[in-house]
Amino acid sequence: MTTHNLTEEMQGEYHYTVGPYADPVLEIEPGDTVEVETHDAFEGAIETEDDLPSEVLGDYLNPQNGPIYVEGAEPGDAIAITIESIEPRGPQPRGTTCTVPYFGGLSATDRTAMLHDPLPEIVKKLEVTTDGTVWNDDITIPYEPFIGTISTSPEINSVDALTPFKHGGNMDLPDVCPGNTIYLPVEVEGGYVYLGDCHAAQGDGEVCVSAIETPTEITARLTVRPDLDVPAPQFETAGPFTPSGRDEPAYATTGVRDDLMDAASDAVSAMLDRLVARYDLSRPEAYVLCSVAADLKINEVVDAPNWVVSAYLADSLFPDE
Amino acid sequence: MTTHNLTEEMQGEYHYTVGPYADPVLEIEPGDTVEVETHDAFEGAIETEDDLPSEVLGDYLNPQNGPIYVEGAEPGDAIAITIESIEPRGPQPRGTTCTVPYFGGLSATDRTAMLHDPLPEIVKKLEVTTDGTVWNDDITIPYEPFIGTISTSPEINSVDALTPFKHGGNMDLPDVCPGNTIYLPVEVEGGYVYLGDCHAAQGDGEVCVSAIETPTEITARLTVRPDLDVPAPQFETAGPFTPSGRDEPAYATTGVRDDLMDAASDAVSAMLDRLVARYDLSRPEAYVLCSVAADLKINEVVDAPNWVVSAYLADSLFPDE
Amino acid sequence: MTTHNLTEEMQGEYHYTVGPYADPVLEIEPGDTVEVETHDAFEGAIETEDDLPSEVLGDYLNPQNGPIYVEGAEPGDAIAITIESIEPRGPQPRGTTCTVPYFGGLSATDRTAMLHDPLPEIVKKLEVTTDGTVWNDDITIPYEPFIGTISTSPEINSVDALTPFKHGGNMDLPDVCPGNTIYLPVEVEGGYVYLGDCHAAQGDGEVCVSAIETPTEITARLTVRPDLDVPAPQFETAGPFTPSGRDEPAYATTGVRDDLMDAASDAVSAMLDRLVARYDLSRPEAYVLCSVAADLKINEVVDAPNWVVSAYLADSLFPDE
Amino acid sequence: MTTHNLTEEMQGEYHYTVGPYADPVLEIEPGDTVEVETHDAFEGAIETEDDLPSEVLGDYLNPQNGPIYVEGAEPGDAIAITIESIEPRGPQPRGTTCTVPYFGGLSATDRTAMLHDPLPEIVKKLEVTTDGTVWNDDITIPYEPFIGTISTSPEINSVDALTPFKHGGNMDLPDVCPGNTIYLPVEVEGGYVYLGDCHAAQGDGEVCVSAIETPTEITARLTVRPDLDVPAPQFETAGPFTPSGRDEPAYATTGVRDDLMDAASDAVSAMLDRLVARYDLSRPEAYVLCSVAADLKINEVVDAPNWVVSAYLADSLFPDE
């Protein structure tokens, strides 16, 4: 088991499209660990609260590290990524949260044409430490870091780094955090893992389009799972996670679609596949069981054109396992 | 403070449409408590696992108790309903969960026309007690009861009891449970509260269209809040509720719309109104704060044409309050 | 065959909700003709170009004449309404077109919550005659009148007059014009026909939320069709209607749903039912035939929460009929 | 002005992804004409009515000719393509129309997960000539050919050939037919034009997912329009096109989005831009004018994840032009 460094310098050019057309920056063995220096989603362009996104951002956003080639990963396999730690890096204030014109859940966007002027821009630069982020005298946001964008590569298409899709991408899924493991489908040899865009904190939904965006160093371990065929990302979370108070581990499936209902359907459908495969349940019974016991969350509603919904089922439901 | 009984007998005819055209069955003072005998959503028509929904269900579903007239409730007020207890009633097995042809999240429906045959029907009759519901030898579902349908009346329209809408209705929102308080907007004098359709357990989403449907006796206390103007239901929940593990009370706003994205927007928008009104935050700053700290859940995706999304914000975010 | 007048005076109170709870203003025999004096959708409140909608409009819009009770109409039948003429009435300028704050296709609305200020209001008052409407020195809009809102009543619910639904309502469908016949499903005895809201001209879509709104006198003949079971409005149009230039009569089915895709599916599905019932086609073949020969138009995208899509099939496709 | 042949042999490998990563097969001057031999969308794999799509189709569909490099085309320009003729080619029966499992408007799809079995497959092989296509003894479909898929290239992403997007692609837009001109936005030097997938006939909507798919030879002339900045495809059509019977030329704008409402908004928004730029109209007035005079059609609802809506405005509205 080797640990590989992927510093800014080694990465060189970061990527804004996720596909099979870039050369791998790293080739690793299954079980190896990577330490990756990520930029924030704005590639550091917002340095002060006077740097308005409309003025300082370039044509492309969300720079990605990678691709990382994982030996032995074949189409049809899954790559498992266990996040060990996410440390903030860079000079303070290294956290950025802001609105961006014509982005966000409560704004007209370039995909929902309207005649309104853009909303006023607001930028907050914040000191991020592992103790949390002081918002103002009254409010401190706990440090709950995760990887905002992580994916394997499609087979022949190449997808914008701002877009979540069936291989992962800009999912902004808070469960991709230290201690948890995410499974991504492999479609090209070696998987071609891209990652970046870490957040010091974010609510499920990321409703205004930015979290506390932060440059970081990620430590993660990658393995290959030939036995696992996932139609879209799935993950194990240490919990707690539900409104009903089960402070326990859970397994979750995701749906990544351009309509939240379709995303919910995909997530549930993948959970049914899992229940039927692992437990002695017919598909209709698994369906009804999900209705009474699985919980749906919206993880992200702002990374057009796709949104992320996850279905969670507590491990405690199966006490004998 | 009086306690009013609303037995099956006193209710007489249950209602399948929610509007101002029915006569109140009860007139109460603010602060009074009601004890209400509810039917299950199928009005008891599914008695055994051989009773297929396609054969035994009538034209109308989801019978409602009420309307209850609350003295002093005026248009523009909110009615606050604190649920004290929900007890299962009736002979065992009193719990019913099933699929219904052309209903549910993974089925063609009468609102999403397709050429597929209906899915096979499955009915499970379950013994429901306050100790939980035994699903099979391996799985027991905890007893986590809530009121599935609860609303005030629109001003001049009358809405199907199967539909959630801005005054509440068939929200299938698991947080409407003992210990919590829900706030509903008032649009007619006296509010005209309708309620029914209790569930012994349900995941957020209710993905196949039924929960563990159970006849119950609800005990709840109703008050009038002239100071509170809510555009759609809001609630206080004792928690825990979030994926990030804050086992604490929270305040939540809902969006009830025919598109999950619009529902999410409504929920967030209502939360911004609350933050701006209560805390020293501008609207843009409240928007960004929700992006980093509020969580979106899908409470229900099967009660066409409207779905329910809630935005939750932990009380602990404001430690000085 | 009798002709019945329904003047403003005879109508008395106009209706803003469409349901079974109002008393009929007219009882007629099948085959009778009605002459109906309609208000414009703003009930005449916008008298000059200085009357801003935000200032002069009341709580309710879109006043309806009716309900008209048609003897012999039973649940399961259709009522056929053949429009004979639509004449503008009232003092000039009697045409009104305008934007309304938080309504319209390119605006945030009260159902798609955003943080934008409302769009600027614009009001145009126009002289409407049967020769057309002069927009400015360069542009004259032909007089192509139709009934914007027309419906039967739901069984127990009561629906806002601003909403199109399966019984018709505010469909803003330009094909409901002189010479054409529309079929509406009956759900209560007598059908309870409501109508109003005529337009001197409108594009399919009605994208800003208003057409050339005009008070009129409608002459229409109503018959009962016990042989026709329509799930939503259908109509015969004298044509022309298609992009491919067939200037001929056509039959059309509609879908009225809160999602344009579901509306399109409903329209196509109803067309399949018709093709299977009338011609020697299997359902899959009818489906494929619609794919190569039926045309979809969006008739209305602004009358939230429902939109109208129609599927048109030229009569000439079946030359032997 | 040169005419360039692009035969099957010269094309060699056809493309299933549209992007900047393939080498041009042809470099032409603006004003040149191309003659292109296209495959049908199934690349000829469906030869008889016994060839079920589920059995004979490969992993990739919709083979594209190109890319064609147009000298002088720069990002920000438009490329204008005037279709001169589309001739069917290949042995009879060369027309194919069919259903494909988990594709189509009235079917569960791989993007709208459901639990239904796939619909039964139906394949029709049809003799296609310029006289039309005989469907059965009663029905003949007129020959109204058009190019189903036509696009320029995105800058850094690469898009599946089955997907319509802002540069065109699989729009299945019947107006891309002989006599009409389509304008596509340029994002890379030379434009990189891809095209293929011709249809002998199709209704607007293409509701079952296939038209009369036919191999053809296209003759088209390409020019560069540095003066024209189009956000998505636009076109001039010789008409007729509207339900109101104006048998005249029209200009149309398109919206290509994953939601039909967003597509409609984009189409209207682009039309407003055009009206404001060319005529003496304010934006609000152009908006209202579109509401009373522009028509919305759904051109395609089956090429997931994006749909196409066009807004048409008759040239006759501006008689002085």
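By letter and in written order, the chains are A, B, C and D; residue numbering begins at 1 in each of them.
Convention: a residue touches a chain if its C-beta (ideal position, glycine included) is under 8 Å from a C-beta of that chain, and two chains touch if they have at least 3 such contacts.
All of these numbers come straight from a predicted model, not from anything done at the bench.
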Common touching chains of chain B and chain A: C, D
Centroid-based (C-alpha) most distant chain relative to chain D: B
Equivalent interface positions on chain B and chain D, same or different at half: same
Mean-CA-position distance for chain C and chain B (Å): 35
Where chain A and chain C are represented by their mean Cα positions, the distance between them in whole Å: 46
For chain B, residues that touch 2 or more chains besides their own: 106, 113-115, 119, 259, 265, 268-269, 272, 284, 287
Chain B residues touching chain A - in the complex, by the definition given at the top: 97-99, 104-106, 119-120, 122, 124, 135, 138-139, 141-142, 144, 174-175, 201-212, 237, 239-245, 247, 259-261, 264-265, 268-269, 272, 279, 282, 284-285, 287-298, 301, 307, 309, 311, 317-320
Of all residues in chain B, those that touch chain D in their complex: 106-108, 113-117, 119
Contact set on chain C toward chain B in their complex: 16-17, 19, 21, 60, 111-115, 156-160, 255, 257-259, 262, 265-266, 268-269, 272, 283-284, 287, 305
